[in-house]
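To keep things simple, chains are lettered A, B, C and D as they appear, and every chain counts its residues starting from 1.
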Amino acid sequence: MDFAPDTTTTEITERVHEFLHERVIPAEPVLDEQLAATPHEWGFRPVVQDLQAQARAEGLWNLFLPDGPAAGASSGTRRGAGLTTLQYAAVAELTGWSPRLAPVAFNCAAPDTGNMELLAHFGTPEQQERWLDPLLDARIRSAFCMTEPDVASSDASQITTRIRRDGDDYVISGRKWFATGAMNPDAALLIVMGKTDPDGPRHRQQSMVLVGRDTPGVTVVRPLSVFGYDDRDHGGHAEVVFDDVRVPATNLLGGEGEGFAIAQARLGPGRIHHCMRGLGMAERALSLVRERARTRSAFGGPLAEKGVVREWVAESRIELEALRLLVLKTAWLMDTVGNREAMTEIQAIKIAVPRAVQRILDRAMQVFGAAGVSADQPLAEMFAGARALRLADGPDEVHLASLGRAELRRP
Amino acid sequence: MDFAPDTTTTEITERVHEFLHERVIPAEPVLDEQLAATPHEWGFRPVVQDLQAQARAEGLWNLFLPDGPAAGASSGTRRGAGLTTLQYAAVAELTGWSPRLAPVAFNCAAPDTGNMELLAHFGTPEQQERWLDPLLDARIRSAFCMTEPDVASSDASQITTRIRRDGDDYVISGRKWFATGAMNPDAALLIVMGKTDPDGPRHRQQSMVLVGRDTPGVTVVRPLSVFGYDDRDHGGHAEVVFDDVRVPATNLLGGEGEGFAIAQARLGPGRIHHCMRGLGMAERALSLVRERARTRSAFGGPLAEKGVVREWVAESRIELEALRLLVLKTAWLMDTVGNREAMTEIQAIKIAVPRAVQRILDRAMQVFGAAGVSADQPLAEMFAGARALRLADGPDEVHLASLGRAELRRP
Amino acid sequence: MDFAPDTTTTEITERVHEFLHERVIPAEPVLDEQLAATPHEWGFRPVVQDLQAQARAEGLWNLFLPDGPAAGASSGTRRGAGLTTLQYAAVAELTGWSPRLAPVAFNCAAPDTGNMELLAHFGTPEQQERWLDPLLDARIRSAFCMTEPDVASSDASQITTRIRRDGDDYVISGRKWFATGAMNPDAALLIVMGKTDPDGPRHRQQSMVLVGRDTPGVTVVRPLSVFGYDDRDHGGHAEVVFDDVRVPATNLLGGEGEGFAIAQARLGPGRIHHCMRGLGMAERALSLVRERARTRSAFGGPLAEKGVVREWVAESRIELEALRLLVLKTAWLMDTVGNREAMTEIQAIKIAVPRAVQRILDRAMQVFGAAGVSADQPLAEMFAGARALRLADGPDEVHLASLGRAELRRP
Amino acid sequence: MDFAPDTTTTEITERVHEFLHERVIPAEPVLDEQLAATPHEWGFRPVVQDLQAQARAEGLWNLFLPDGPAAGASSGTRRGAGLTTLQYAAVAELTGWSPRLAPVAFNCAAPDTGNMELLAHFGTPEQQERWLDPLLDARIRSAFCMTEPDVASSDASQITTRIRRDGDDYVISGRKWFATGAMNPDAALLIVMGKTDPDGPRHRQQSMVLVGRDTPGVTVVRPLSVFGYDDRDHGGHAEVVFDDVRVPATNLLGGEGEGFAIAQARLGPGRIHHCMRGLGMAERALSLVRERARTRSAFGGPLAEKGVVREWVAESRIELEALRLLVLKTAWLMDTVGNREAMTEIQAIKIAVPRAVQRILDRAMQVFGAAGVSADQPLAEMFAGARALRLADGPDEVHLASLGRAELRRP
């Protein structure tokens, strides 16, 4: 057992750390200004493109994507940055310090990352050429259409969207929501999960198809907000109706009936990313708290000398240290024995990290008083993000039940 | 000891309950439509005025205000509805079911209620005629300018706003924020807390003055948001700069040096109202959860049959029943022995209720999945409100420390 | 609504309070000495009899028992003290300050109280004369044999003890445990729950019979401990085997098939008593903490000035005030509308109070350091008692599930 | 970073695991019988000596002790087993499965381990020969006399025990308590902390001396219990009075004024051991819960199918996995950069692990019902041990405050 990061990790995190503090965090107020000047747009503002150009020039690009045969299939060249899941995890944490800017600056933002992974792993060369390459180039963005408003979508057997084979086409009908990024007109690709075989075995009913945003029958109905945030800086969260949307059969991702398995495959790395970004948000919050507690006084002394504030930061530090190790171990398991063997840990971090981050952010807001819930600090928006993560990919309780069931089956 | 509500309470809550369910809750989507149609306005939309007219016609008006000599001074007639704090508490809970509409429908919304109480208790006949009467008539609104961005305002000794006597005038200089309602152009009255005697005894340095919104030197700088919500439907939360604002000395509320005492007096009833509304929000949430849990299924059965959902609603019910009693007892103490003797309880409910409501709303959001954090359900916005209450009037920790100190002094 | 205690309550609690502080608490070290001198005995030590004599002389006797027709049937005189459940609740809280001595001093200790209630409500005149009168006189004690080691006894349908009718007798076979008090040789009466009709409707299978301790076939097998406490001062907790124990059919309590209903009836008042005593234990703990925090110093000042200690006592005070009101309201409901209508509240207090008391005691132990977990302070033993209450009458989770189910059924 | 245990760890834990399950756990009922047969003795029963003989024969002996120059000084041979802190940590976890027997079987039980470490690190060859060798041989036992009844002993500046130099002797006067193991007549060595220089710098006032149990003036006053447990199987917890106890000056451990530093040095490995044993206790509890939940039914199905039980075991699994990693990383830091650099982590695990173990044991007791709090299951006794750990070496709050202060000082 060795808890020291390897040299690749040390080197890449130093570079990302520098980029974060020299370029990304100073760009946050620029984004706010550009957002205020363009209140009705959905998608990236110029500051993002600037950061992307710089990051790309420095080779800090697509760091999330491991290399692999599929990833290089269509072009014969390496696409990913060659980092392991464990190595990228440390990078992902740093991007959490500035969740609106850092992930997109490095072209490492959800949901594109997950979608690119799917295309790299399961896409045909043609699919990769058409969708993966422009995504890796940040020329387009994408959305993942899984959740439906009318059913508990964490239970995949309840999905109602239909994908019917009709000659050389698939015809898609259904209603999806919380398709993150889909308000962005640049989100050219929608990956849609639906049922091709509603009467098949429970986990073989579903398939995934690639749908161009401009395909007839696709309607982006409305944006949804998370708490009061519409997240229009990156493309929001959309409700999308598919009304007899017809795509060629070659747009199927993987095989028929593999939709559930593909969705599961997507989750593993995504959770590492989400969790590490969450820890990064919490570290940023703690950093803000430290500064605040040293400089703000009340009732006779700086907040840093209040027993309760000390206890909060101590509790936060303990939680962060323990949970980071758990996420890193999960990443290591994924790299060494694979996602299936890491199932307990993948569920564990999905449950434990977002709520801990929420708790840490809650304490941080309390230290900041009214400023903490306002837009003058990033805390409340981070809180909303962490809170939403407890529902993303299914509510924690589904995973707790599954983890508990597995534990109770152990000999 | 008798836990049965008296007949006045029973009668008034029945009427308010009916009004709430027949008129207010059905008006919620109307408000949403009117807000969507007027995205740049701050203040009431027409649906509010409609509800106010109906409520007034039914005598459900200014229910929060007890009668008293001061209250009737200028007009010779009863102004308040004659309810005790305890009796009104039951009404306040019901208004929490629809926090954007019900309190304003009955002219019982913060911060006007607290401001009207101050004018009724401490105002001169002239002040009452000029400000209290139009507030009681809902012809104007008002704001309370206490919190400052640069200091821990829960520690009144840190207030930096200055109120200097200059001949027959007071001259006010300072910066306030989170002045709820002050973005509303109808908020004609600002009650401002500042220091008239910065070198006086700690709790005698502060005074309060009445400032017309259109007085030269008053600048409403910008709106502040709470978890992404700008609360423009009622007037938002503003940062306000007072730059040598000159008002006649007769605008002093109470005497010089009484600002802290007046602020304290304002808090007692306000906390009853806040807490009871919070319990009402939680009851609404539970009501939504019941409906959802009966009709939504996942993994083989309705949510209502999941052990975890059952436990959540049970825990929520227990917390609500216990805390409601504590708030009601506090109201009863205020009615019988006065705010000073009820200090422990007033602090206790301020601490215990908002966080319990936050917890209940958090569980409710979890039952609703993605819908829970969106604007399709009232939960996330209620959550933001409950969360902010943990900071309003000073963070909970200030009150915990004070309550703990008092407890440790008991023999 | 009126939160003031009535004059009866005020008067009786003053007398009990005085007795508690003048006689009972000073007797605690005497009990410790007598226990140390008689390490192998089970049952009351002389100090208990002394206190009982004094309490009886002062009319502080059998305060738990309301008057009623059944209660006076055999003797023509009033047996109970005439207090309502609500009035006695305040007394019960005071007895919690000294849980080993105060309840027994007033002849108000479980399980005798519950057993006396059963005899008063359901007993025939003959049963009352034989068992109730000596219990009311403290000439004998009793045990309640419900829980079985081999099944989840909170699910009454799982009870395996058989009560077979055989001519004019019932014959009992089964194994019970945690029969509190049954190690005491003076526990002359065992009330045993078993199945007379194993194939009947779920809640009509059970009956209760009165069994003299010396009936052939009754074997008290062994004592059980709670944490490391054997509770021998009052009679411990026994495992008891019933091996073809034959009693006359007239020993049936109530009718055949009424065992479950009778057990339920027993629970209501018992929970009020348990919960109020729990609150009394917590108040005693807080009182000890106050004294300790004022007199003990660490790292530069008394514990009373540490932020964390202040927060603990504040949290404890809040919990106590809210939960006391909930228990008192439950008692009031039982007095006014009956146990059935108070079901939600009875379950709520059973769940909420013991765990709050446990939490308060846990914090108190932390303030006391090593002394807190030792026998030099009453905290650890009280903690064990509160912890056990979370299992008594079925684990909390059974009640949470039931309460949640009922809540989810509400319209 | 590499989360795989090395081969030494794998090999030693396999052997310990086998010994644990084949010999130690089956010996638990034997210990109970031997304890019941000798209720008045303090110290090991024969079953312990049997296990020690077997463990020693298999080379599973003194595994806690790393090799080092000091350790081999007096005999020229290796004394320790040559395991690193990280390697031994995995062993310590396994010993937690049977806390009364496994640590002593391997001669790895507190407080002897810490005392042996002190002698190995700071003892002179003569001290090592006289005390360390027989301890390593399990011919004697030892106690650590630090905590005092009259002061907050976590604040070393408050220690009142005096160690005065008098010619070639030291003379010790003071009162200690919770000297674990000191009731055991075989505890031949008492290591006593006291002040040699009460007016010196805060952390240079204290020294440690080695005191033979039979030195005149040493009185073992009485045993202390922890939640009713007197822990007589290994030597209990004693109050010890030192009344002008005279020892030769060569009995000083380390130098004058080094008592505080030595005490701190003792804490690091001790916390790893305590925490890993705690995790082992929790794993044992989970293992018992799994068995129980599969075989016990209530209300229509096995406990394993209840949502709440599933959630409990899931939560327990998550906590265990995260905290184990944190303890292992702490051990790794101690091995690689030293205790001083690992201070944050050492404090973190001291705070986080015992309370998590307490929580897990609390849930486990709840699954077991009444059996859970009784001596029929090991849960309640383990709970008492975990609870006491939250006070050992100073209450958690002292460490939280220290950790928080350090965190707030970070840039």
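Everything that follows uses one rule, which is that a contact is a pair of C-beta atoms (placed from the backbone, for glycine too) under 8 Å apart; a residue touches a chain by one contact, two chains touch by 3 or more.
Molecules present, by chain and UniProt name: A, B, C, D = Acyl-CoA dehydrogenase.
Everything numeric in this text was worked out from a predicted model, so none of it was measured.
Peer 1: Give me the chains shared as neighbours by chain A and chain D.
Peer 2: B, C
Peer 1: Which chain has its C-alpha centroid farthest away from the centroid of chain D?
Peer 2: B
Peer 1: How far is the middle of chain B from the middle of chain D, if each middle is the mean of its Cα atoms, in Å?
Peer 2: Centres of chain B and chain D (C-alpha means) sit 54 Å apart.
Peer 1: Let me have the rounded angstrom distance from the C-alpha centre of chain B over to the C-alpha centre of chain C, please.
Peer 2: Whole-Å distance between the two chain centres: 44.
Peer 1: Measuring from the mean C-alpha position of chain A to the mean C-alpha position of chain B, what distance in angstrom results?
Peer 2: 38
Peer 1: Taking each residue of chain A in turn, which ones touch at least two of the other chains?
Peer 2: 306-308, 310-311, 397, 400-401
Peer 1: Which residues, counting only chain A, touch chain C once they are in their complex?
Peer 2: Within the complex, chain A contacts chain C at residues 306-308, 310-311.
Peer 1: Under the definition above, what is the set of chain C residues touching chain B in their complex?
Peer 2: Touch residues, chain C against chain B: 1-6, 9, 86, 286, 290, 293-294, 304, 307, 309-318, 321-323, 325-326, 328-329, 332-333, 336, 344-345, 348, 351-352, 397, 399-401, 403-405, 407-408, 410.
Peer 1: Name, in rising order, each residue of chain C that touches chain D in their complex.
Peer 2: Answer in residue numbers: 147, 149, 152-155, 158, 177-178, 224-230, 296-299, 303, 306, 308, 362, 365-366, 369-376, 380-381, 383-384, 387-388, 390-391, 395-398, 400-401.
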